[in-house]
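Below you will find the structure I want to go over with you.
Labels for the chains are A, B, C, D, E and F, by order of writing; each one numbers its residues from 1.
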Amino acid sequence: MAGPIGLRQRLAGRRALVNGYCMMPGAFSGEVYARQGFDVVTLDLQHGLIEYADAVRMLQALTACDVVPMVRVPWLDPAIIMKVLDAGALGVTCPMIGTAEQADRLVRYVRYPPRGERSLGPIRAGLIHGPGYAAAAAESVSAMAMIETAEGVENVEAIAAVPGLTGIYIGPGDLSLSLGRPARLDAFDPVVDRAVERILAACRARGLIAGIFAPTPARADELVRRGFTFVTLNTDVKALETQARQWVDEYRTLESR
Amino acid sequence: MAGPIGLRQRLAGRRALVNGYCMMPGAFSGEVYARQGFDVVTLDLQHGLIEYADAVRMLQALTACDVVPMVRVPWLDPAIIMKVLDAGALGVTCPMIGTAEQADRLVRYVRYPPRGERSLGPIRAGLIHGPGYAAAAAESVSAMAMIETAEGVENVEAIAAVPGLTGIYIGPGDLSLSLGRPARLDAFDPVVDRAVERILAACRARGLIAGIFAPTPARADELVRRGFTFVTLNTDVKALETQARQWVDEYRTLESR
Amino acid sequence: MAGPIGLRQRLAGRRALVNGYCMMPGAFSGEVYARQGFDVVTLDLQHGLIEYADAVRMLQALTACDVVPMVRVPWLDPAIIMKVLDAGALGVTCPMIGTAEQADRLVRYVRYPPRGERSLGPIRAGLIHGPGYAAAAAESVSAMAMIETAEGVENVEAIAAVPGLTGIYIGPGDLSLSLGRPARLDAFDPVVDRAVERILAACRARGLIAGIFAPTPARADELVRRGFTFVTLNTDVKALETQARQWVDEYRTLESR
Amino acid sequence: MAGPIGLRQRLAGRRALVNGYCMMPGAFSGEVYARQGFDVVTLDLQHGLIEYADAVRMLQALTACDVVPMVRVPWLDPAIIMKVLDAGALGVTCPMIGTAEQADRLVRYVRYPPRGERSLGPIRAGLIHGPGYAAAAAESVSAMAMIETAEGVENVEAIAAVPGLTGIYIGPGDLSLSLGRPARLDAFDPVVDRAVERILAACRARGLIAGIFAPTPARADELVRRGFTFVTLNTDVKALETQARQWVDEYRTLESR
Amino acid sequence: MAGPIGLRQRLAGRRALVNGYCMMPGAFSGEVYARQGFDVVTLDLQHGLIEYADAVRMLQALTACDVVPMVRVPWLDPAIIMKVLDAGALGVTCPMIGTAEQADRLVRYVRYPPRGERSLGPIRAGLIHGPGYAAAAAESVSAMAMIETAEGVENVEAIAAVPGLTGIYIGPGDLSLSLGRPARLDAFDPVVDRAVERILAACRARGLIAGIFAPTPARADELVRRGFTFVTLNTDVKALETQARQWVDEYRTLESR
Amino acid sequence: MAGPIGLRQRLAGRRALVNGYCMMPGAFSGEVYARQGFDVVTLDLQHGLIEYADAVRMLQALTACDVVPMVRVPWLDPAIIMKVLDAGALGVTCPMIGTAEQADRLVRYVRYPPRGERSLGPIRAGLIHGPGYAAAAAESVSAMAMIETAEGVENVEAIAAVPGLTGIYIGPGDLSLSLGRPARLDAFDPVVDRAVERILAACRARGLIAGIFAPTPARADELVRRGFTFVTLNTDVKALETQARQWVDEYRTLESR
């Protein structure tokens, strides 16, 4: 009955999920990071320096942490999508979804038959999420499509209508560039803003989780108040360098008084 | 002529060296951390989750960073001391030095004959620090003795007198416990404070680098003004968890308004 | 003259090859497993937690074991197929082959010109299988197509007719699901059974190796008597957990008497 | 208040703890093995092919498993003992303890001041076992001394009297050889049997956990009924090879009918 | 302003770039090799035993070496191309480019919008190449297309005309086989020779870098005098085995006198 | 009956064993190197960048190569000595043996009771060398003591007399420095030469293998003619850098004509 706690189960009763991105390929850094209060931790196999074997080790460490473990895959490729799910990730975020056909392929790689074509063999997922894993997967395992191109915006209503999709995630940097605007994360250019609004509307219409990246807590709060239900509060690398740099700079300033 | 830039070369013209501890066994996290303004980065093989093979990978990444690469070894053991030096570390910090005899062993493991008994074969050190490495090692490679027990304090003048020692580093947590006081890092109990003073005096008398851990920039500044010339401004783990936690907490507060 | 011992060479004079699946990414577990009497060990990069670098290490350990080293790749992707062959695998098993065109692509990725388009550069294969490796590859390196969908069954005669294919391997779990039947491994539903028979017939007609998964020795024997010439006798994970669980359970029962 | 569940906490209300040895250096094999019903899993860094970095990854995976994570260290060496404890092991088993002085050193490496000299810095232990870890360590972290030589038997009463020791573990193979008897595990030679009895008596007298290796469930039950409270039910390697070999042999027998 | 030193910047004022191939997956072997005088070191993820995680470690070591770090990817796959660039490679060489459409996809995976569709997030590239990395990428990051099939030769003028392509690299072994000639590297069959000439002409016409493999220094010199501006002077594996073998053979000859 | 082929078995009927040192921590580089005609390959855990886990992977690859696998340990430490033997090394070379007592400890760590105190549990050695491994170990497993200090020379007759020692290996660089002479490898200073002669005489008197490092084949031949029966023909790093450098230099010379 219970089944693993995926994005939808975790979101129940909450306004929004707070996600953190792991870009560093270490199970210990992942573990440290995942214990700081996030709802979700996403291992970034796209821009992060993480590959499958790192992801396995990190998923093993995350099993003991109170977060939903997600993976951002590098591309719409069935091999890596199925492998990270078999390793225990409770969902994938897939970059550069531009059409409903691509979104449908994403869902098919993530879902077991009859909806999809994921091959059966959840070697670690079955071990840690229990014998009911395969039966519960349709509820617990998420497929998040990233919209980050003009083409994706054009097709967002069709994408959102793909059965079995869990949510849409906006990559505001790439989206801005694709729309021919500068890649700002703290505030959106009006053109970008309209695209964001359209995506949000499509998510609302279909009951999808709407996710986005936020560089700061204030920006995250703004975006959630606007309707997002999943917000990435920056990355492990950014946290590490921000605090280390701040301590060193503060000391240098004190020293030079 | 030049030779590698070790602690003494880096200290020339500076008031104090700012050190950061790597506790996480990742070459990428090490690289990110080492590019935040530190003078020295110490790979902590004692309390960090780092072992020799990690240290090698991290030293490789640090070679391109503008820091002096040091290693804290887990114990006074010639095998690991010689191995990290051969791999390119420009010095070791050794915990739990309680006697002049132990300090002398440390120096002998770090120094080539005739002063010491380090075996010749600087496989990577020679490659990256250049053909003059072995000749310059007496100047460029450091031996830092940690004093963190009552016994070490008792013997600090004799320890400081050991020829070839580069400096003394205080572990204030262990030292406090060993002196029967609580392990405070932000301010010292009077008993601990007197021990610290005595160690500082011994360093000054022998021209040794005097190092210590500081939890905050303000505390680091205080300690440098007191006479320390090497100050550890916390660790990569602490930086990562402090900033990540702060962002999440800030968001949660904003959300719950 | 000899050339490496691939599936066909090993099968000569035997009724069937006994294969074991490695799902665990360890060269030592692989080595232990491969020394228990198998004819073939297949590193499972699809459902196993193994990736390319693990496979390399495992292939290195298997070189000293008396088994034919095979790899199940995650998907019909030339990159991974050519990489594992260059690393010394003597064949690949490819999941989800549904059409003759896909089977032909598989063969082309596995075979050198003129039959195929495998790029020349058998970096480790040449080292360990000897200078005649490339010349012998057409005989010694196998291409096994997995049929595990309704589409694959429909096209099985055309698939079997693809020149250069070595054999067909049935994934009975996925096949059952694809045919809308429950995923039973110990006995086949009549619909599945007919599909299996059709595949066997196609293999016989073309002189192909016919492979399948068997959960138990008794089932393996049944399947071989039915005509299969390659039978997977479960996995390393299943062996480990079955025996460990049995010992613990047996003890608990004895203790509670 | 609670504190981590170490050997003593787990033993409460049970007749004996069932331990499994991990000899294979894989976090996934460790995870599979640790989910088969054991009370304790010991990572064997002595005879197993596991080193510190493997142990860290395995401890990370074990954190989500319902077992007490222990480590058998290769030797009485403070470096490795303190490192595995800082990484989260809830105790160490140390081979070849022959004298009370050695047992005392073991306890001093495992215990914080004032009893011992373990250095403070439980980098991962603090993270996963919580802020009360250091305070609870005296209760939750175990020091198990292996007696496996004639000298150890001679000194067993003095060893058992060392304050802070948690238990004694018998290595029956080495003990037999040291006593000049063949290394049998299934039944003891009378000379060995008397030594075993003497060790058991010393444990009982001091309230120590008494541990031993057992090759089979029946032998484990016998030994527990004799008074042992900790019994190792063989290893992951033995489980893997026993079951794999049995399946292959069974098949070969069926095939050759 | 400066920007990283890519192929074009390094070539300025030189007749040709000398490249070495790393086939061995070790950061230390890579570091040793890269310090022997090469202009460029290419990590071979196609035929080498190197995968992404190895490439990251090797790129970290190469950062401190005076070479342009390139990666040969296994196939025209956006995932691996974007990942190695984000990790700091200053270009990719892509095998088996047969058409202008494929060359255009290669350029699109390598270039940021508006020319291409590389996703923004140069996690390590930004760290080590500096904040101006993304802006300078069009100049500093190279896209090299391998022509090694008859089809590629047929289309070479169209391939060379693809905007944003940096150069063409000839794989003479595969090219010879594809043209139905033996795979000779030391001298070309006339048919191959004409193809090579045509490729060279296409490069000259478009101002592209023209690269090729050479087994020996003499052959490299010949090829550069013929017009190539990038020449691979064999591989790390070949260097290692040639010298080791020569020393052993020389000794055996001396011994047997 | 047979037992594994150790140093003594390999030496039978040969004048001397040719050894190569692996300094690079890669199983593939080790495999390439070990297939170039050596009798023995020694994994150098002292000056090489190799640690235990690397050694395990390398020993796995060496199992399929026709060489005796040895390990040079970093120091006279029972933990690492027993671990590499359990992993399948057929002997250890131990640096810095200065006294008969140290040589005796070396032998005790290498030999099973009654001669020594090696703990029983040859986890991988038993797997690959067969069930007779432990019985054959006294013959097949070697203990080589390095003499490389003035103290070692003074005590060489006593060292050579230690029962169970297999041979003595001279480190001419460290030995020269310890004797206060420059570290030349191609020819010995007269003081060093006399020491070498004395060591050779002690080996002859006790029937021990006499080993030494040689930078070139000519030097190796000279040393074997002088009486050495084990000669190290340089290292993998030296081979790699010598050949790579030579090719680049040769090309640069040709280019600049």
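Things to note:
Please note the rule applied: a contact is a pair of C-beta atoms (placed from the backbone, for glycine too) under 8 Å apart; a residue touches a chain by one contact, two chains touch by 3 or more.
All values derive from a computational prediction rather than experimental measurement.
The minimum number of touch steps linking subunit E to subunit F comes to 1.
Farthest chain from subunit A, judged by C-alpha centroids: F. Among the pairs B-D and A-D, the greater number of C-beta contacts is found at B-D.
Each chain gets a centre from the mean of its Cα atoms; the one farthest from the centre of subunit D is E. Our note on geometry: subunit C versus subunit D, Cα centroid distance of 39 Å, whole angstroms. Subunit E has its Cα centroid 34 Å from the Cα centroid of subunit A. For subunit F, residues that reach two or more other chains under the stated contact definition are 25, 28, 32, 35, 49, 51, 53, 56, 77, 80, 124, 237. Across the assembly, chains come into contact as A-B, A-C, A-D, A-E, B-D, B-E, B-F, C-D, C-E, C-F, D-F, E-F.
Residues of subunit A that touch subunit D in their complex: 27-28, 31-32, 35, 56-57, 60-61, 63-64, 124, 127-128.
Touching subunit A in their complex are the following residues of subunit B: 15-16, 18, 20, 24-26, 28-29, 32-33, 35-38, 49, 216-218, 220-221, 224, 231, 233-234, 236-245, 247-252, 254-255.
By the touch criterion given at the top, residues 51-53, 56, 77-80, 82-83, 86-87, 112-114, 117, 119-124 of subunit D touch subunit B in their complex. Partner subunit D is touched in their complex by these residues of subunit B: 23, 25, 46-49, 51, 53-54, 74-75, 77, 80, 95-96, 148-149, 171, 173-174, 177-178, 180, 183, 237.
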